[in-house]
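Data block below; observations after.
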Amino acid sequence: MITSALGIGATVGYYEPWWIQIIKAIVIFAVALNLVPVVLLIERKLLGRFQIRYGPNRVGPYGALQPLADILKLLTKEQFRPRTSVGFLFALAPTISILTAVAAFALIPFGNVQHIFGTRVGLYGVDLSIGPLYLFAFGAIAFYGIMLGGWSSGSKYSFLGAMRGAAQLISYEVSQGLALVGVIFTAQTLSLTGIVRAQGGMWYFIPQFVGFMIFLVASFAETNRTPFDVTEADAELVAGYNTEYGGGRFASYYFAEYLNVLVVSGIVTTVFLGGWLMPFGIHPPGWVDPIVVLTKMSFIVFLFIWIRGTVPRLRYDQIMTLGWKVLLPLATLNALVTAVVVVVTH
Amino acid sequence: MSTTSDYRKGEDSIELTSVAQQLSEQAEDWGGGRDSQELLTLNLGPHHPATHGVLRLVVTLQGEVVREVKPIIGYVHTGIEKTAEDKAYWKVIPVVERMDYLSYYFNSMAYCGAVETLLEVDVPKRAQYLRVIHLELNRIASHLLWLGTGVLDIGAITPFFYCLRERDRILDLFEQSSGQRMHTRYFQVGGVMEDIPRGWEAKLREFLKVMPPAADQYGKLVSANEIVLQRLRNTCAVDAQTLLSLGVTGPLLRAAGTPWDLRKATPYSSYDDFDFKIPVGTVGDNYDRFAVRLAEIYESVKIIEQAIDGLPEGPHITTDRKVALPPRHELATSMEALIHHFKLVTEGFRVPPGEVYFPIESARGELGCFVRSDGSSKPARVHMRDPSFVNLQALEAMGEGAYLADLIAAVAMLDPILGGIDR
Amino acid sequence: MLRSYLPAIVFLALGGAVGATFVVLNSFIGPRQQIKHKQDPYECGLPSEIKRGMRFGISFYLIAMLFLLFDIEVIFLYPIAVELRAYGSYALAEVVVFILLLFVAFGYVWRRGALEWR
Amino acid sequence: MPDATGLELIAQQLEGSTDVGEGAVLDTLYFRNRATLTVDPERIVAVLTQLRSLGYSFLASVHGSDYYPEQPRLGVHYELLDMKNIDRISVRVRLHTDAPELDSVTPQWPTANHPEREVYDMFGVVFRGHPDMRRILMPEDYEGHPQRRDFPIGGEPVLFTYNDHNHLGSPE
Amino acid sequence: MEVTRQPLGPPGDPSRAAINTHTARQMLRGGEVLGANPGMHPGMTDEELERYVHERVLTTTLDKAVAWARSNSFFPLTFGLACCAMEFMHTAAARMDIARFGFEAVRASPRQADLIVLSGRVSIKMAPIIRRLYDQMLEPKWAIAMGACCSSQGVFNNYAIVPADKFMPIDVHVPGCPPRPEALMHGVLRLRDLVQQREQPGWRERYGAIGTEEVIPTADSGPSLGTGHRDG
């Protein structure tokens, strides 16, 4: 196909006609929108299986309409904000959360550049020459979604959750960023499609195993999933930063959380698991690429759910200690060692 | 108080500010200095997922660290002791069972024991063994729910369902022997209500086969998990001396290394017939509390096995017709039985005047029942010395200086049952 | 070049639209009820004495400062990382020196107890 | 348990000690293997401290009781436990209902904190020197002491009253 | 059996539903209304037709969808009072698994919960707090009184306990002391039927006690779903 014809840096400056860009953005967005309920349902079903019960299976066939019912119900609840809240920020914060999650989803490459409609179309939202930086930029903005939401609610539990969330998100973003440095040293590009192509020989999760683990752990923290869910630790802080959120605004936090899980799985797939590449040198036709990517993503999503069903949550100080005293030095060392190896073997 | 608006008035009169003010005054004392942060007074409860009911903890936080914790109770005060004064002796049993709603057999055991002491009734051996079996099953059931919810409080959601799976089996056994899952009213003054039904023994043995591997499974699920160990080890440790001065008994005291167990110290209901061990901890931290209770499950299984193996033949309730109902078949033939039945059901038995305090080892510690009789057929005073009520006072010693998350874990490992606390 | 950002803008617009829909939709199709106590902040069922606005603790700003420090490290490393092979050992030496300097700062911060979270 | 003779010996020992003094033990009662000392309410702390030095160091329970027709009406019971010799003794004081006051043992036995508050709540016995003498189980603004025997048991007729004016024939 | 015919009421009458449907369909097709016998089948005016269509399309379909969604995803509040809370937990546990019906997302914050299960006895100290929690839940919301104590005070009819009906509206009472998990599950499913306005001939119809239902006033609380209101 085209893969071999295009050099590593060849796609960076490449772009499609504007109408294709808009169409593909809308299509990928629609996919994202539909994946979230699927993940929601899968999580509840799988948790049910882990917990020796069935999980939802009465609403629609096999419980398939359960997320639909949940979302419809949440959207038809009462609009509400507490007396002590800061109204504008209270409404803005969930929007920020969902916005950043959606924006980050644009980055995941679902396949190689294909010939559709007689023109070359990249199966991704955007392929930027600064891919990871774009990701971290929106990750940093997502922090506002949680912090502003918790702070503007004017409730003590929300506030404590927001404080924990703020500290945790920015702490782990550093480790997340540093874990990718090793990959970039090896791949020599910041384009995510470029990184996938660079994994033609070997998926990065083998040579960059340390980076892979650090990135995965940091991603759990960035998405506020167990065991790092202290921001909404229901045993301590009732519901954490979204204590005062109900109805659609709560739904948007819910939505953003699962979308973030998808984004993180996509990024891990792209950066460490070889994106759309198949193992053992199999080169399937181009239309298989998105299926490969989605399959790999579902493994990571399964991992997320599995860990949620297995481990308890860490304490706040343990989380911070892990982030700053373990992951950060380890990630830096990993970057350093990778740099040395790359230069020596060059 | 009959209309909603009256309750509204009551709502506005809740004194929150007094406590908050008091704490904030103290907070100013802590102010100043380099590390000073704003103190935050936080209410955990009465409606809070981690307080096991309606316990209210007023917590003063400095950042994430608990500076002061004050338990406030009474939100499920039911007036059980007052209600008990209004009922005949044998009708009090279902009422006291609803105090500590996780260890209902213990409640009725303490009460029946107290009344039997007053009456000087001898309980047949078979009844004593049946009581032991049910008490220990109840202890396992109580510990299982503690384990499930306790681990839920530190964030692991799955073990909860596994624990309730086994608990359901125990409740099935209760249901088969007495007809109810909870609050079975199985223990009567003078013995137990009915002999165990046919097939119950086989079912019990099946359960006894299942339980130890299941407990192993919980052990693996929980204590083989590094995060759990990190969360529980060396947190909220209180030494035995402080616990004794606070009146703490039960697994909490044993976790601190004091092997005090009333089943060994002052055996009641034939506990001296059985061979079992008292698990003790070393430092008295949250992990020890966890480990002691988990080990008690195995010991309870051992006791039940011995009791069911050595279950003696004989009547299941005392033959003293002044206290226990006559068997059903006698009613058709014996006039005397009919009179006894009539007297017992309408008025109940009269108890010689006096006071008695009957302590037993419940799943949470010393459960003492104080009964005062004035010679009538209704008790003049029934008081339960509930272990949760006394143990809760140790929370301040456990929580101060700990992290908020550890305080939650400490509450979970303290295992307070609000029904017992507030009565 | 900037045109490659067009899908990102579309995504932002769509995300914003979905977010805004979620946030405001309840006002239009949800029921309404005004009760005095509903507007109170949740405090486990008790009346709350919260005034508007709470302040973040000082330790949070410390974390923010540390974050800036190390995020800048990440930002500096990325450009070098892309062109590492091209510049070879010269860039490597730079990277090593840069990271070592940061580690000195990190050690200092650690020693001073800034990484003890209370 | 101390037997009947042992109980008398303990009573004599108490009376003989300088802290407690003559006439502190008003009555001894041995009933159903349970030893009870009835002591002077003014000297309850001294008696308990003395008993603690005799080995009864663990205060298991503090509870009240209302001996309604008898006088003095109120009683407060202290259940003491000797964990070494496995022995129990019960100490009882009797109080009149008009202004019942008693010295708190909370400073010596921290475990008495909540039980004493409960006795105050339920019977109205005020414990002097208690660090936090407030109601514990009933709401702060509740009137009366429910466990006293002249307090009505209360209760309401069972109704599903949400809209009873619609169909139950009440006014409106 | 003799067939008696009686004239039907005006077009608003629910007993005319089938006729109305038929008439409306005919009119919408532009066809003649069959059997337009003024005595038997009064036709529809244009306004009536419009209202009929409006009710069908908007009220019925949307409301049905919303009621379906609401009734299939109750998020119960994490709330346990006493003994019944244990059986509430067992309802969520493996054997009963109320999650099958989509009710497992137990939320700790009242803002996110739709259903409060009063599981246990309500003391006079707790009643105002429960009322506040119930107030703080967002519309639409439902309440289940679980067990004898908070339905009728049970054995504890004394100074300390109030029945839940005294201070908040209850949708479903589940009897028992404590009710078995199955009973609670049945209660929740009945609540689901209530929300979907799926009428079931209950004991009231069997015993001729229609008219004694709890009718919750729907002053300005939006769609009056889940009120159990019945025209009978």
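Note that the chains are named A, B, C, D and E in the order they appear, and that numbering of residues resets to 1 at the start of each chain.
Here is the rule we go by: a residue touches a chain if its C-beta (ideal position, glycine included) is under 8 Å from a C-beta of that chain, and two chains touch if they have at least 3 such contacts.
From a predicted model like this one, the values you see are computed outputs, not experimental measurements.
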### Summary
In the contact graph of chains, the distance from chain A to chain E in steps is 1
### Summary
Overlap of the chain D and chain E neighbour lists contains B
### Distance-maximising chain from chain E - centres being C-alpha averages
D
### Query
If you average the Cα atoms per chain, which one ends up farthest from chain C?
D
### Message
Can you tell me which chain is nearest the middle of the complex, judged by mean CA position?
### Response
B
## Note on the structure
By number of contacting C-beta pairs, the most connected chains are A-C
## Note on the structure
Distance between the CA centroids of chain C and chain E (whole Å) is 45
### Message
Need the CA-centroid distance for the pair chain A / chain D, whole Å please.
### Response
62
### Summary
Per the C-alpha centroid definition, the whole-Å distance linking chain B and chain D comes out as 22
### Task
Please compute the C-alpha centroid of chain B, do the same for chain E, then give the distance between them in whole Å.
38
### Message
Can you pull out the residues of chain A that are in contact with at least two other chains?
### Response
51-53, 76-78, 80, 156-157, 159, 234, 238, 243-244, 247, 316-317
### Query
Listing for chain E: what residues touch at least two other chains?
78, 93-94, 108-111, 124-125, 129, 131-133, 139-140, 158-162, 166, 222
### Query
For chain D, which residues are shared contacts with two or more other chains?
137-139, 146, 151, 153-154, 156, 161
### Task
Sort out which chains touch which and give me every pair.
A-B, A-C, A-E, B-C, B-D, B-E, C-E, D-E
### Query
Considering the complex alone, what residue numbers of chain B touch chain D?
2, 10, 13-15, 73-74, 77, 79, 81-83, 85-86, 117-118, 120, 244-248, 260, 265-266, 354-357, 359, 366, 368, 370, 372, 380-381, 383, 385, 389-390, 392-393, 422-423
### Query
So in the complex, which bits of chain E are touching chain C?
109-111, 129-133, 135-136, 139-140, 220-223
### Message
With touch defined as at the start, can you tell me which chain E residues reach chain D in the complex?
### Response
124-125, 151-153, 157-163, 165-166, 169-170, 173, 211-212, 214-216
### Query
Of all residues in chain E, which touch chain A in the complex?
65-66, 68-70, 72-73, 78, 93-94, 97, 99-102, 104-105, 107-109, 111-112, 114, 138-140, 222
#### Entry: Touching residues on chain C, where the partner in the complex is chain A
1, 3-8, 10-12, 14-16, 18-27, 29-33, 38-44, 48, 50-54, 56-57, 60, 63-64, 66-67, 70-71, 73-75, 77-78, 81-85, 88-89, 91-92, 95-96, 99, 102-103, 106, 110, 115, 117-118
